[in-house]
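Below, subunit A partners subunit B and then partners subunit C, in two separate complexes.
Here is the complex of A and B:
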């Protein structure tokens, strides 16, 4: 028997213990490229810093400046508005599509794939494509309408609210297939006996949906609602591609504002904005987690 | 009775057709725009394409799209390899050995799962300047793998918990180490969850723009979303050329999806059910 020196611990497999530390490489990477910058960000949010010179501690001045900047407040409103439009619409559209495509018919698999296709394409590219199609006057749709004698006089890019509506609809078009797939998975997990029992009892379709389908869809609902809240409050590429934040700053989101402030040498300030965005995301996510976890228990 | 509930009623067929058309029409419009010949200008465009294929090579060359696709492949491939390697190991030890260290790591990762990358992009940028990581493949690979790490570790640990530990234990009785049991016994069983991680996170890495716009500034390292958006800024007057660039840009992801759609759908399903 070899003496149990530290060297032999590795030679003799059963006594080694490094399988217990297999998460350490992941932690190292995560610390360097996530936790460390995050904590640096918290610190720099209390400083005046251009990204190059020595940061100067200024306390809460960045946060005060944020809440006094009308553009920043407008951006909060835009971001929340986008999320309030996008997240519910995505879930409603996704659920309706899932209920429809859960039925059997010939081209079902093809239609499902077709609906999911936009979700694998970069939102930057997809936004650019819709820009080519929807641009007022110059866009393909406007030209085609003109050819059949319909002069499109309204210009959705003139006002922030109509521009935002277009962004929301494009986003729903792109990602409805994604929520649909998750709802479909949820629907297929419901045991068929539950339907049969309900049908034997003579339950109506509406009641089957309300009392059997909906409660069992809670896990799917939870995933969809939470990922959509996070995704839509961090919206970035789609807006840049479609409106570039315009007209003026009327559709600029907070994440775009963060990028522009950091380009403008306001590094300290932009990290403060990032933390504000973090809390704007955190609050609804924690609320929905609490709501869904309570629901799942009952 | 059963049949009636499961099959689609005939009145709903037009609805399905309409939905399918709605999903396809933008791509069709994009194609007729990309195939437009210069004669007559845009106002002469018709619903029947001109089949002027020359826009594609022009856009490919002008936008350096070939280079962007190589860059995308390197960075997404590298990011996925780093991610799979680290997250499968972490998921394994977290699932099998609930020590204080492992529980803490898991708690940290779970808490960070809901923080989108944009939150720490600016401080990360200053860190990467110091590490000389701006305009490098390795920095994007590590950053994208890091951002995907929490979710991937979560998926792996949930999946490994569902595999009976007795398989590994019998290998260990036969003289295998725990680490060897992981590589030889558990790893080959991780196919479904790995394909789920590859698909869910691979799409995100392939389409990354929010980090690329900060960390990849020179032409030689641009990824596809960046190349297409810069193309739009540069050639903002030539719509057929822009449409051709956008078509080429979406093609790799779309083709990958069409070839592997079965894996995509099941990958997303496993990923979301476990989540």
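Here is the complex of A and C:
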């Protein structure tokens, strides 16, 4: 054994406690760009602040005001409604597309790319394009219908529910490709032997899906469900481009409300709403995580 | 020989010192350069501003202007202010910013002698009597109409609401396929301008410009008064809707649709500001000689027709600028008559400088006629800054959608959002 000289310590360092120091840069960055803004945000939510004058501490008044504001409560309803429509549809559409495209056929790669393509386009641009297509009376669809002699008298944008349905469908159209890619990756990770063994045992397609595919897709399902819940509850661009939250505030989401309150000189209040939205998203995400973790263990 | 060596060493040393010190000298020269920031939200003058900054820097090589344009400038500046970055020069000015002491007092600047007194009045802060902003132009808003159709049907500027409705009905009767008055309500600010022009205009006519500015500051106007301004305004709009004198897709059509409809002849009238003229001519150059410009009638009986004639193209200087001299040199350059002439022609709006004669728009003659014939109203710069035309436009979306039980309820709702914005600002 070599004596513990300084040269030896350099060549063979005792790295037992070094790992702690290696985490320091990451911790500094995390504190600087996450913990500090978060704590500032929490503090700001307890103030009346317009964004440029001196903030005034008002305790929980912003939170109370939120639950007394009928527009804010309707925005929660809109946001949850959108998420309830969008998240399941995205998963169903993504899974169906993944199952279809997991088979071998000509131009499979091209079809996969085409289906994924909308996901890489900005939702604002996508929303604007869809508005040009679907705009009541003046959109491409309305003009084509007129040319074949059908005058569309109803205006989907005038009713909050029909406008919301269009927003959900456009959102599903845009992001189904992304969900599909994750499911495809999950499907391709299932060993082929499992399918072969099931076929040898005479398992039906339904049973193969239920007892082989679905359990092994749990990790992909977990990622998709959680990301779709987060994305849907924080929906912003698609609504802004398609309806701008209108008519009135009938399709406004909580994210848009936060932006408008902030720009309406209510920075303190909008920060409080942002924290409320954080918890609105956190609850279903934690619930889903718990559910899927339990599934994975079994 | 020894002396020679010594001299040689000395010359090498001097050469080295010169080589080392030269860049330092250059750095010293660089240190005299002054950087100023110029923040603008005017989309239509981005090229013009860029060009002028370039010209200014050529004339003033020691001053560097960092020009920044933001489409959503009124909101972006709030983010800048929140992080303590007040631009040296900005085109975004609100009463709140003035109240918070963000801007420099420009009252003693020599350029005021060249600016129209009415514009100087509109630039004067009512609370202090000082000028913290300077406007270089005037903008106007009113009803743009298809001259040819108006002439053909023998229509003239409506002097009251009844005549206005009669004009629209005459258009509807003669041209059932055309839209008498086109609204682009998906872009809710266009509807918000209806309140700004037609409703706030009534208060401004009733109280006078200084009186209404003070009343707005003091929250002294009762918008929800029974049979008051807002109730009459709502009744008027509902009358247009019920008589099919506005487009059936008034809530879902966009500002672009509005311009296209007017340019193509589908729409006979639109309520807009002068900024729309250039786009209409771009869409249909034949419209250059066919755009008429008229006043809007009062929605409350017994008052005169009005035209918006307000200060435009505003500049303010940061109260904490580190380079006030450089900033004022930049403003002096921008305010030169030939520079302002080109600005006026680029924006298509008249100059507020008395020594600038520009060919700013094909509606120049109509605009002069309107200013001289009708009641001039200003923009509601003293309204609470948290109350945007976007918010007020949404109330009209709901009104046209039939969400309010009565015009009185609409008036109450308007009062509510006004009061809420006022409470936030004060």
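A few notes on this one:
Throughout what follows, the second predicted complex is superposed on the first by the 264 of 298 C-alpha atoms of A that agree within 3 Å, B and C clash if a C-alpha of one lies under 4 Å from a C-alpha of the other, contacts with A are read in each partner's own complex, and residues count from 1 in each chain.
Here is the rule we use: a contact is a pair of C-beta atoms (placed from the backbone, for glycine too) under 8 Å apart; a residue touches a chain by one contact, two chains touch by 3 or more.
Quick caveat: nothing in here was measured; it's all calculated off a predicted structure.
In the model built by aligning both structures on subunit A, subunit B clashes with subunit C. Once the two complexes are overlaid on the shared chain, A:191 sits clear of subunit B and of subunit C alike. Of the two partners subunit B and subunit C, more residues of subunit A are touched by B. Once the two complexes are laid over each other on the shared chain, residue contacts for A:215 go to neither subunit B nor subunit C. In the overlay built on the shared chain, the residue A:51 is in contact with subunit B and with subunit C. In the superposition on chain A, A:265 contacts subunit C only, with no contact to subunit B. In the superposition on chain A, A:248 makes contact with subunit C only, while subunit B stays out of contact range. Once the two complexes are laid over each other on the shared chain, residue contacts for A:112 go to subunit B alone; subunit C is not touched. Looking at the shared chain after the overlay, A:240 reaches subunit B, while subunit C stays out of its contact range.
None of the stretches 24-32, 42-50, 78-86 or 96-104 of subunit C clash with subunit B in the superposition except 78-86. Comparing the two interfaces of subunit A, the one with subunit B and the one with subunit C have residues 51, 138, 262, 267 in common.
Per the touch definition, subunit B reaches subunit A in the complex via residues 1-2, 5-9, 12-13, 15-16, 19-20, 22-24, 26, 29-30, 32-33, 42-43, 45-47, 82, 86-87, 89-90, 92-94, 96-97, 99, 101-102, 105-106, 108-109, 112, 114-116, 118-127, 142-143, 145-147, 149-150, 153, 172, 175-180, 182, 203, 206-207, 209-210, 213-214, 224-226, 228-229, 232, 239, 242-243, 246, 249-250, 253-254, 256-258, 261, 264-265, 268-269, 272-273, 275.
In the complex of the two chains, the subunit A residues touching subunit B come out as 13-14, 16, 18-23, 25-27, 29-30, 32-38, 40-41, 44, 51, 97, 100-101, 103-105, 107, 110-126, 128-133, 138, 140-141, 143-144, 146-147, 173, 177-178, 181-182, 184-185, 189, 195-196, 199, 219-220, 223, 226, 230-231, 233-234, 236-237, 240-241, 255, 258-259, 262, 267, 270-271, 274-275, 277-278, 281-282, 285. Residues 74-75, 78-79, 81-82, 96-97, 100, 102, 186-188, 248-249, 251-254, 257, 385-388, 390-391, 394-395, 397-398, 401, 403, 421, 424-425 of subunit C are the ones touching subunit A in the complex.
Note for the complex: subunit A touches subunit C at residues 50-53, 135-138, 155, 157-158, 243-244, 246-249, 260, 262-267.
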